[in-house]
Amino acid sequence: MAEKRPFDILNAALDNPVLIRLKGGLEVRGKMASYDVHMNLVLEGAEQLESGEVKRKIGTLLLRGDNIVFIAPSL
Amino acid sequence: MAEKRPFDILNAALDNPVLIRLKGGLEVRGKMASYDVHMNLVLEGAEQLESGEVKRKIGTLLLRGDNIVFIAPSL
Amino acid sequence: MAEKRPFDILNAALDNPVLIRLKGGLEVRGKMASYDVHMNLVLEGAEQLESGEVKRKIGTLLLRGDNIVFIAPSL
Amino acid sequence: MAEKRPFDILNAALDNPVLIRLKGGLEVRGKMASYDVHMNLVLEGAEQLESGEVKRKIGTLLLRGDNIVFIAPSL
Amino acid sequence: MAEKRPFDILNAALDNPVLIRLKGGLEVRGKMASYDVHMNLVLEGAEQLESGEVKRKIGTLLLRGDNIVFIAPSL
Amino acid sequence: MAEKRPFDILNAALDNPVLIRLKGGLEVRGKMASYDVHMNLVLEGAEQLESGEVKRKIGTLLLRGDNIVFIAPSL
Amino acid sequence: MAEKRPFDILNAALDNPVLIRLKGGLEVRGKMASYDVHMNLVLEGAEQLESGEVKRKIGTLLLRGDNIVFIAPSL
């Protein structure tokens, strides 16, 4: 079984929920709709979280890749 | 139906209201008038927000792309 | 009527007053005298603002583009 | 015996547990599943740590390389 | 009369006093002796300022361009 | 006697103890096992320091070069 | 008499004492032994300063250029 390269994780996460942590500590959760080579991402049905609670419903969201700390497909 | 790539979201948002979050936590809202490949954006009728309230009316606004954290077309 | 691209806003602002917000929150206001492709700007008659009040008169000012958060031609 | 170059350490850590420290002080621990030339990493069974204690179980995790401060394979 | 481009301001400031604001808020003042394409600058007779007062006399000073916020030739 | 260029210092430090200061103030000490052109470093037997005291034993450590402030081979 | 370009200052400072201010406010002083095109510097007999007082003797020191705010050869 081949190991998954970092961008394979993005591809596998398409249409699935992901949790994203951004620089500065902000976290958002949503269904990953697309990404590009800069790791810019589009989320659908996105929510901004605070201490794990939903702070704000955002809907469609375009995230700049250079602000991303990590992407967790399983949360 | 094809998925929307990150820059497709920008294109679809033209002439529509967007909420933008900037590094440092500043948020602005306005009608997206244009963008370029660096994600530099022009907003019309822009307002600076604080805790969701309008703090200042700015009007036309040129935002540098490298300060943008996220762009939400639905807010 | 064609939409204005981000650098068209800079061009249209030449010889007109602009408000500039810099990283760290500093704001300056002045007449935009010139710009280059890095968004380095020259302002004439520039003033440093604090909470909207003039804190210091600076006169001619060269601003590095990579410190700019936004440029508002209408304020 | 040849010295190990920095990326040899990443390669040797594949399928082994690593502790990663990120900018801002966040630390995560997990099994390293893959990496790329930007030092983007995939961890499996990742946990977010606080003062050495598990704060949150994250599972699969894609970390952007430009946020990494250090990678410790032996912790 | 042609407008002055950003680097024309640097050229015109040669051998003249300038005030420089750096990232983090530090300000220095001195006679601009030279500059290069990265906006690295040499000041002669430089002084570090605090709240407009001289805090420290530095003499010759090489400033890295990427730390500069603005350059004011008229202060 | 020829002066030592910056990367000569890295080469001379191979297999010798070094103290490294990172952005944010973190300091680590260990035997330098290797480096690359980005100044990514591998330390063996690394320890994280706090006010000069050992705070944590880390063992093998891969440090990203872009977080390094300075490298002191003699401490 | 020709003006000195920024890197001429580095060259003239070779084997002479310099004061270096780093991002974050740290200052070090030592004899400049070498530099490269990235402004990475080697100091000999370096000391870390705090409020102008010697806080720690460091000896040989390799400083990454991208952390440097200014270099003062005359202090």
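So that you can tell them apart, the chains are marked A, B, C, D, E, F and G in the order they are listed, and the count of residues begins at 1 in each.
Definition applied: contacts are C-beta pairs under 8 Å (C-beta built on N, C-alpha and C of every residue); 3 or more make two chains touch, one makes a residue touch a chain.
Bear in mind the structure is a predicted one, so any value in this text is a computation, not a measurement.
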Partner chains shared by chain C and chain G (touch criterion as defined above): E
Cα-centroid distance, chain B relative to chain E, in whole angstrom: 34
Chain F and chain G, separation of their C-alpha mean positions in angstrom: 19
Chain C and chain F, separation of their C-alpha mean positions in angstrom: 42
Sequence positions of chain G contacting 2 or more other chains: 23, 66
Circular arrangement of chains, read from chain F onward through chain G: F, G, E, C, B, A, D
Residues of chain D that touch chain F when the two form their complex: 3-10, 19, 23, 25, 39, 65-66, 68-75
Sites on chain G touched by chain F in the complex: 14, 22-24, 26, 28, 33-36, 40-42, 46, 58-64, 66-67
